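Chains: A, B, C and D, in written order; residue numbering restarts at 1 for each.
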Amino acid sequence: MSPQEIAEACARAMYVDDSTSQNLGIEIAEVRPGYAKLTMRVGNELTNGHGLCHGGYIFILADSAFAYACNTYDQRTVAAGAGIEFIAPAHAGDTLEAVGEERLRAGRRGVYDIRVTNQNGELVALFRGRSATIKGTFIDSAVGAP
Amino acid sequence: MSPQEIAEACARAMYVDDSTSQNLGIEIAEVRPGYAKLTMRVGNELTNGHGLCHGGYIFILADSAFAYACNTYDQRTVAAGAGIEFIAPAHAGDTLEAVGEERLRAGRRGVYDIRVTNQNGELVALFRGRSATIKGTFIDSAVGAP
Amino acid sequence: MSPQEIAEACARAMYVDDSTSQNLGIEIAEVRPGYAKLTMRVGNELTNGHGLCHGGYIFILADSAFAYACNTYDQRTVAAGAGIEFIAPAHAGDTLEAVGEERLRAGRRGVYDIRVTNQNGELVALFRGRSATIKGTFIDSAVGAP
Amino acid sequence: MSPQEIAEACARAMYVDDSTSQNLGIEIAEVRPGYAKLTMRVGNELTNGHGLCHGGYIFILADSAFAYACNTYDQRTVAAGAGIEFIAPAHAGDTLEAVGEERLRAGRRGVYDIRVTNQNGELVALFRGRSATIKGTFIDSAVGAP
């Protein structure tokens, strides 16, 4: 398998288990090694009484882009920590896009930057995640012997 | 109204609008000026296929404790940014507690630390939030003229 | 003055007062609006007994690149906070380069990312700074009336 | 040796090599397991032309309190990353105090919070450091066989 095929197979294997993304309507637009682009439509159930998206759901979208970007090498990787800057509010009906890019991958550590923008290209949040690899793979475990 | 009465009135006014907390079963156990304690039971809908709570929901719980702690002075305050360290996983059936405490409140800025623990007192996450006050109050707007 | 001329004039005005950069041998290699590249040679005085550069000096270099990048619009801007990831050690004799780039500038707030690398292009640290504009300018105050 | 004796022996062994702290006049006021209190007088050489302490030196003081607090178990521990909030400026002639406290120590990971205050007890900065243990000890290596 090529690195691109591995990245895509990992994303497919993760998504099957990822009921949070499924429930929130988060979709994977693109994955490449060390990279992921996800989208989420801000439904009413993600907003408060004034139609503003809860910051926690913006975090979840960014955190998911982080997870898909760092899990593109068939080596299970988890979030050790993250920081987020909330820049502008998101509103009911917005479609948010989160693009995650690798800044570092060395030993068991990784650092990924995620930008969240709305459908007008306006910056909604900046997120930096720190990852740690753990034991386990996606592809071996997903492809069972007959 | 005493500072304690103001803190409690703000929390009540916020919770009415806070459909995220309501939907996730987040409950306010205690508020005091600059302080909030919230709880959340980890239902199956917050977990992935392996029974582990999605880190994003741990963030939402911590972020909510942050929001209730910094909005205890009847001055609307929003999150400017936050950092989180994920320490230990949470599992389906756990009851998590998030305690938010004020570290700084000066001018329009605030810094709050939140500890998330499970029902055994084990540390699940550490969160530090940075707040900014905006225009608006809770109590005036909630108390309508007759 | 063009934006580029303003950026360069701000950097010159700041550097005159910046005894820390002068004392540590930090030099400004390039400034553009929202951008700065600085260099620092790791002399023995910046290291411990084992020839490793103190992380605090790596922070100062990154923080300085942040300061010069965010002060390129003739509007005095200070650091509100920062995060740093230490990736690899720096050694006596290394020449470090810090490149600061703007990620956001909106209202009084800014976010800047700084990468610190060594003379071999290896990543030493990743820094994210949050800025706030304050009152005052550089160019007006530097150009005195006769 | 008791835990307290180990903590003090580690601090002594570290300080011998710590030319940065020695050069900046940073002094160790107290160490206990997971805890350190350090002081630093803001001399003119740490300030810019206006008598304000460079934020990088406030970081170094906090980072040093972090280092002494996490290295109290005779297990060499380094900084993986840190975040700092700059709250109020420090001035030439101020004496700053940094108190570092352990929030977490589990496996190879640690989290420490450091508060920097001035001689009037005013908060100057809040720092959160993330540590990682590496190979090596202080006491064994410092006590040579005859």
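What we mean here is this: a contact is a pair of C-beta atoms (placed from the backbone, for glycine too) under 8 Å apart; a residue touches a chain by one contact, two chains touch by 3 or more.
Values in this document were obtained by computation on a predicted structure and should not be read as measured data.
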item: Comparison of C-D and B-C (more C-beta pairs in contact); value: C-D
item: Most distant chain from chain B by Cα centroid; value: C
item: Chain A and chain C, separation of their C-alpha mean positions in angstrom; value: 31
item: Distance between the centres, which are taken as Cα means, of chain C and chain B, whole angstrom; value: 36
item: Chain centre separation (chain C, chain D; CA means) in Å; value: 23
item: Multi-chain contact residues (two or more partners), chain D; value: 80-81, 83, 85, 109, 130
item: Residues of chain A touching chain D in the complex; value: 80-81, 83, 109, 130
item: Contact footprint of chain C on chain A as seen in their complex; value: 83, 85, 87-88, 103-104, 106, 109, 111, 113, 115, 123, 126, 128, 130
item: List of chain C residues in touch with chain D within their complex; value: 16-20, 23, 45-50, 54-57, 59-60, 63-64, 78-86
